[in-house]
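Both complexes shown next keep subunit A, but they swap its partner, so subunit B is in the first and subunit C is in the second.
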Partner chain A sequence: MKNWVKILLTISSKDLIIELKSKEIIVTITLFSLLVVSIFSVTSSNPSNLSAEIGAGIIWASVVFSGSIAMSKFFSHEEKDETLNAILLMPVPIELIFFSKILSLFIFLTISECLIIGAFSIFFNSNPLSIYILTVIPIFNLGFSCVGTFFGIISSKSRSNEILLTLLLVPIVIPLIMFATELTKAGLSGIHSPNFNLWLSLGILFDIIFLVVLTFLFGKIIDQ
Partner chain B sequence: MLLTAKKINKSYQDNHVLQDANLDIKSGDSICISGENGSGKSTLLKIFCGLLRPDLGKLSILDRDPYKQPENLFIKQRIGVLMHSNMLYPQLTLKENLLFFSKLLGIINHRSRTYEVTDELNISKFLDIEIYKLSNGNRRKAGFAKSLLNDPEILITDEPEANIDSDTIEIFSNIFLQRLERSKANLFKSHNEKFYEKCSNKRMKLEHGRLLDL
Partner chain C sequence: MFRNIYLTISGAITLLSIWMIFIWVPTEVNQGLVQRILYVHVPFAWASMVAIIAVAITSLMFLVTKKIFWDNLSQSLAEVGVVSAIVMLFSGIVWAKPVWGVWWTGEAKLTTALILFLIYCAYLVFRNYFPPGDARNRIAAIIALIGAIDSPIIYYAAQIWQQNHPQAVVGPLATQDSSLSSEMVITLLTCVLAVTLMFVGIVWVQYKTVSRKGLKNVQIS
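For the complex of A and B:
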């Protein structure tokens, strides 16, 4: 078990070192999220008085699209340099490779969310940080990274991988987006959501189901 | 027997690349596979190293089933692979790449093994240089170094001599031959006559999907 954790951290820290050197994903998500938030800001007639519903939509639309761009970049490199094959040739269980990629994407998504929340606070003069959004972030990131890793690897084989990944990813994570926007809305408006427990259960259930099913399917797909 | 393949079949849609291909590899074998372009040599090597699954046939490596866990982990720990691509991270330095893969291979003295392999291939001076900054020849050497990290029982290589100069071909050949003295086995594909003449003690040709002794 200790050894598996070590391998998981070895693979994920390698992804982070590559990113620290190339800064490719960070630069992409920074520019993209700043662009999306600023477009919403300039098109809004009164950015300081934005409704919680629209605010939550802006935050999660930015996260979903900048996250999917980061994912397609992340996996297209692995495909181009055949480095995923190199890891598959190593004595590492396939499930562990899947989990290590989820962990790396989880970290990239968290960085992207920090940037988006920061940009949102500046452009809309509103602080979205609340217990709600802090609860949402880890649950959303786990589910989104899990589905993103699975489809990222599949779509990296395709020439139009960026479009394909977004097309595959977004419809599946709609329940997760609904969960995230509902709770963020409650955080932005300051009004307690009566369905907090229901939405929280939905988010956690999504994560559990997709983590179990996709871990199983990932092994099968790679085997084939 | 280190590797036994029986009646291996593989098709890409209607193209039957491998048809009942049989092969046995024992300790001390250094087998060169030749054949026309598109005859299925790379496909065969990919099946043996676990990157592809055959449609039909039986494969046993180190007396274990490569399609079962944890048996396949035991096999992967004991084979070395160098395909067409060097399969290295271009943004990482040679040292970072080799340390990363040796950690995954579970090599205890991973630092000393990294230095040992790079010394052997005469690439120690490039240890702190990113792979993308290296020449094609040095990248090939780096890829070869990676495949030697675990001192594999079977070394599977696809044109290891591609992009390298004659001095390096000499180094590669010596490594191939030294491995045979230690009862290891090599399986490779090559179009370089000088290289395969020196490195192989058995030659086979892949023709119409079947492996024939030469």
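For the complex of A and C:
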């Protein structure tokens, strides 16, 4: 068990070290997040008086698009440098490789969310940080990175991988986006969500189902 | 021979349903002429629902048996299903504006239908972008299964979100007594039969096209 954690952290730290050296994904998601939030700010006539509903939509639309850009960059590098093929030759369970990629993407997504929340606070003069959003972030990131890793590996083998990844990923994670938006809306408005428990159970259910199903299917697609 | 008989029966029922919609069936009192759109909307919603379930079943069969027949059938069903979904969504939008006062609402059935439509569009885009071969067919089948697994979660999420869609009053899912007159029910069922026959016919033709295309690719390679 201890060995497994060590392998998991080793593979993930490899991704993070590569990123620290190239800074390609971080620079891309920073600029993209700033761009998306600033476009919403510029097109809004009174950014300080934004409704909670629209605010939550802006935050999660920015996260989804900057996240999918980060994912396609991440997996196109893996494909170009054939690093995934090299990792697959390691004598470790294939599920551990899947989990390590999820962990790497989880970290990139968290960085992207911190940037977006920071930019949102400045441009819209509002503080989205609340117990709601702090609950949403880990659940959303786990589900999003799990589905993203699966489809990222599939689409990296195809033509137009960026478009394909977004097309495959976004419709599947719609329930997670709804969950995140609904709870962020409650956090922004300060009004307790009456369906808080239902949304929370939905988010957790999504993560469990997709983590189990995609871990099982990951071996099947890697065989191909 | 069978094809000619099938086309004749299907064509005759389609013509009969058109006559019923425009001439025979009485106009509904509350919604007026707009209600007639439902004779197109409901059958196509049924066809797209059948297509989605059938794609999931045929994909599973392909993964289990590895027979190309199931993969070709799955692709044909998805293609015809996506077209049915476009007709369903468009007719629903046109009906909703005069009746609900809005073109679109975030209601559970609408949201689920739209997202499933997008998932199956992505499935077809994937099949076009990925290099042809066994790997593509197997991954496409996996994507279709993921779409099928996701659909109840989408429906559940959308249901918590908002509820506004009229309840089913006809068929096994009916939750309340039908307020439709017997002529309306007969017209609706005739339209469902016409669209189902048309759907099966088009899937059949499409299956043959897909199979021939697959055979041609194998011969070239």
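Note that the second predicted complex is superposed on the first by the 224 of 224 C-alpha atoms of A that agree within 3 Å, B and C clash if a C-alpha of one lies under 4 Å from a C-alpha of the other, contacts with A are read in each partner's own complex, and residues count from 1 in each chain.
Basically, a residue touches a chain if its C-beta (ideal position, glycine included) is under 8 Å from a C-beta of that chain, and two chains touch if they have at least 3 such contacts.
Given the structure is predicted, the values throughout are model-derived calculations rather than measurements.
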TODO: Have a look and say if subunit B or subunit C is in touch with more residues of subunit A.
DONE: C
Task: subunit B versus subunit C as contact partner of A:Glu82, first or second or both or neither - done: first
TODO: Would you check which partner chain A:Asp207 touches, where first means subunit B only, second means subunit C only, and both and neither mean what they say?
DONE: neither
TODO: Kindly classify A:Glu113 by the partners it touches after superposition: subunit B alone (first), subunit C alone (second), both, or neither?
DONE: neither
TODO: Once the two structures are superposed, pull the subunit A residues common to the subunit B and subunit C interfaces.
DONE: 224
Open item on the list: Quick check: in the complex, which residue numbers of subunit A touch subunit B?
Closed with: 3, 6-7, 10-11, 14, 17-18, 21-22, 81-83, 85-93, 223-224
- [ ] Sort out for me which residues of subunit B touch subunit A in the complex.
- [x] 49-51, 53, 67, 69-70, 73-74, 76-77, 81, 83, 85, 87-92, 96, 100-101, 103-106, 130, 146
Task: Contact footprint of subunit C on subunit A as seen in their complex - done: 154-155, 157-160, 163-164, 167-168, 170-172, 174-175, 178-179, 182, 195, 198-199, 202, 205-206, 209, 213-214, 217, 220-221, 224
Open item on the list: Looking at the complex, which residues from subunit C come into contact with subunit A?
Closed with: 111, 115, 118-119, 121-122, 125-126, 129-131, 134-135, 138-139, 142-143, 146-147, 149-150, 153-154, 156-158, 160-161
